[in-house]
Amino acid sequence: MLNQLIDIVIYILLAIGVFFNILAGIGLLRFPDVYTRLHAGTKCTTFGSIFLCGSVILYGLRMWILGNVDGSIWVIHTGIALVAILLTNPTGAHALARAAHRSGVKPVGAVIDELENKPTKKSANKMEAKK
Amino acid sequence: MNFFGIPDIYLVILGLLFLSIIMAIIRVIKGPTAPDRIVGLDTINTIVIVSMIIFGLAAGSVIYVDVAIVYAFLSFISTLFIAKYLEGGEF
Amino acid sequence: MAENILIDIIHIIIPILIVASSFVAVYLKDLIAAAIAVAAMSLLLSLEFFILQAPDVAIAEAGVGACLTTAILVIAIRATKRMEDEA
Amino acid sequence: MVAFVVTALVCFITYLLLTIGSANNASFLNLWMWSIEEIIFGLVLSILVGIVARKVFIKKSLRMLNPVRWLKFIGYMIGPFFIGMAKANFDVAYRVITGKINPGIVKISPNLKTDLGVTMLANSITLTPGTLTVDIDENTNDLYIHWINVKKEALDKMPVDCKFICGKFDKHVRGIAE
Amino acid sequence: MAMRNSAAIIFFVIVAIFIILGLLSIHPFGDTSDINTSMDDHIIQNTQKETGADNGVTAVVFDYRGFDTLGEATVLFTAVAGVILVFRRLNK
Amino acid sequence: MSGMSKIVKTISATILPFITIYGLYIIAHGHLTPGGGFQGGAIVASGFAMIVVAFGSIWTMEKIKEKHLSIIESLGAIGFIGLAFFGLLFGAKMFFANFLVKQDVIPFFNQIGQGLSNINTAGLLPLMNLAVGLKVIAGLFAIVLVMAYATSKIKEGTAK
Amino acid sequence: MIYQIPFIAVALLVLIGLYAVVFKRNLIKIVIGITLIESGVNLFLITLGFREGSIAPIYHGTEEATRSLPVPQALTLTSIVIGVAVLALMLSFIVYIYRHYNTLDVRKIVGGDEE
């Protein structure tokens, strides 16, 4: 009985995770410029992978409690993968947004852009080189 | 299809994840500028990590998770290299 | 042949995606975009190795293709020029 | 020396986590899960990594060695951060489906001093509702944020107030890292 | 110019024909019943007994086919030496 | 100032030990789980390449020279060939003979693998993995470091 | 024929790479073509060694089963590392050529006065 309950919880977590991952794909196609696409592509995949990895961790935990040693490996290794995703994903998004802004991509339909008023040394050099 | 059995439901999940990979790869093909393409690549990276873990679950063998950890650590380095190129400046 | 139709569908989807991204890598004039397409192809190739039951090769392709190939290509493009000239 | 010991210790703990379940009679009740050979190998490899990576891993401050900060960090990750992230995703879901956006790049000055604190705050901002860190001022630690739905009342004061962007995150982060 | 271009086209077409011929005559995907796999079967059955390793691929790389690995190490060594040589010349 | 922003620097410095210890784990467990000398070496070299891109190649070149990397790579190659020669000296009188498994030369390394539990199995294979891993780490990192350093010297004018 | 899709993908990969090598003029594009051919060959070896319903040749925690062939996997492993080494060597030669001739076009480098 409890076994089937845990199964159902695992399936619910999997469904939530897959929903957010598909949402990331749709957002990637629908949004108009780089920054908004980064919103979709970073947040949704990170959040979805939390749920997917969580379901795998739950599966391994049940296996571990029932006496199979492989369950501990499932739990720990998936947890390490999850921590790595959580550390690296927003950093990559930040590096990408900064690179896009420095290479001259403007946000579409922006109300305000305060970063544009702050010319860095490199972008000033690039402006001169363009002239 | 054995819906509450172990293997098949994970394969269904895997197929849905591939739908998401297809949408991201359309962005890689279409993207007007280079940053758009890298956004697609970054999304594919994360989804591939997750689908490797799910495939390991479907195959029922724990050794497959190691590959996913490798990707989780390393996929961000290629993003960093291309971002560094787009930023300008020397390596 | 078709014991499990789902695994067959997976075996059909991934090669198509690999061929598509390799075609993009040759087609585009922007060499940075071509490098990105090569990185995507390498990623999907690693997934295909993984599904063809070769995890050793998948780890090697992950470590080499996810980082080092892209890094060397980008460094070389930085040292030469970005666009492939017409004519 | 302290840097070497800390790096080697972190690596050793990671190695133990990776090789969990290597003892012959491991089970859920038997908490000793490592064989003696694994521990010897792990010590040797950790000392190697400690020699190689000590100069990069630990800079100057040893502030994060305090375990109270770790407990606070874990509490922050489970509590406010996860709730903020869930809100962020429903927000993004709403915007993906309807397509209503009103973007802009604004500047905030959270007045954090350490590198670690500003990194933590920037990554939290990237993963929470409608905001994305674009750039950082290397000297004053001001952050430039891409905001997907700019509120009119936020634009009155020119470095925009922190509470519109990060809520109470900066207080938590200040408690953890400074 | 035109001659070189047409030679390239002929070469490409010939290689394409060979690849397509090979593709038509290859065994069905995933079915190795009609090809000779006796060496692999021997390795699969005896790896744990003969080398003590748990991973068959590592056993093949370092034990059964160690000479290939030696050649690969030589290639890597030569490549690193070549890269360092070229860029040391470039910096002057 | 070369290198990327402060956030990227902090995160790279934080995850470098984890990547390195994970690569060494892959190398050391090459005979039990998927992995081995090449794979782990590629992972560790990628981690160092991350340091190159985050902190700048000039900063990295001050810490470690390509001369040292050449020495490490040669050490790995010599170790590999030496281990192969051991098979010629002892035991089976042939190159690449895994003599430790068959005979009781060193009692610690002569067991037959049972599963994930024993790292001291498979005779010469873990030692060969370590030698090849050292070689691949030094070789690939030397390639990336030398290319990045040399191309950063090229002036902005010639390279568009 | 539909189940031969991986082999068809191998053929297409090799042909696309060969097209880039033969008809493109940019040197970096040619190198990308060589990389694609390498990937095709690696995929061919792995596909050749795959058996329907098999599991990987790693004996941890598994009983008797059909396993995919280990020798092609080992050769592919060697091939990947050789591939990245050769790629690095080719790209460094390209950087050197660019410094010398100031162009990446093959026909100008080889003496393309006949154009």
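In this document, chain identifiers A, B, C, D, E, F and G correspond to the written order of the chains, with residue numbering beginning at 1 in each.
One rule holds in what follows: a contact is a pair of C-beta atoms (placed from the backbone, for glycine too) under 8 Å apart; a residue touches a chain by one contact, two chains touch by 3 or more.
Note that the structure is predicted; figures quoted are calculated from it, not measured.
> Touching chain B and chain C alike: which chains?
Under the touch definition, chain B and chain C have F, G as mutual neighbours.
> Which one of the chains is farthest from chain C, going by Cα centres?
D
> Looking only at C-beta pairs that count as contacts, which pair of chains has more of them, C-G or F-G?
C-G
> What whole-number Å value describes the gap between the mean CA coordinates of chain A and chain G?
That pair's centroid distance is 30 Å.
> Could you state the distance in Å from the CA-based centre of chain B to that of chain D?
22
> Need the CA-centroid distance for the pair chain A / chain D, whole Å please.
Whole-Å distance between the two chain centres: 14.
> Spell out, as numbers or ranges, the residues of chain A touching 2 or more other chains.
If we look for residues of chain A contacting two or more partner chains, we find 26, 38, 42, 46, 70, 73, 77, 80, 84, 87-88, 91, 93-95, 98.
> Mind pulling the chain G residues that touch 2 or more other chains?
Within chain G, residues 3, 5-6, 8, 19, 47, 49-50, 52, 55-56, 58-61, 73, 77, 80-81, 84-85, 88, 91-92, 95, 99 contact more than one other chain.
> Multi-chain contacts only, two chains or more: what residues does chain B have there?
Within chain B, the residues that touch at least two other chains are 21-22, 34, 38, 40, 62-64, 66-67, 69-70, 73-75, 77, 80-87, 89, 91.
> So in the complex, which bits of chain B are touching chain F?
63-64, 66-67, 69-70, 73-74, 77, 80-81, 83-84, 87, 89-91
> What residues of chain F sit close enough to touch chain A in their complex?
4-5, 7-8, 11, 14-15, 18, 116, 156
> What residues on chain G touch chain F, complex-wise?
Going by the criterion above, the answer is residues 56, 58-61, 77, 80-81, 84-85, 88, 91-92, 95, 99.
> Considering only the defined contacts, which chain A positions touch chain B in the complex?
Interface residues on the chain A side: 4, 7, 11, 14, 17-18, 21-22, 24-26, 28-29, 34, 37-38, 41-42, 45-46, 48-49, 52-53, 56, 59, 70, 73-74, 77-78, 80-81, 84-85, 88-89, 91-93, 95-96, 98-100, 102-103, 105, 122, 126.
> For the complex, give me every residue of chain D touching chain A.
For chain D paired with chain A, touching residues are 17-18, 20-21, 26-28, 33, 85-86, 88-89, 92-93, 95-96, 99, 101-107, 122-123, 126-127, 130, 132-135, 144, 146, 148, 150, 155.
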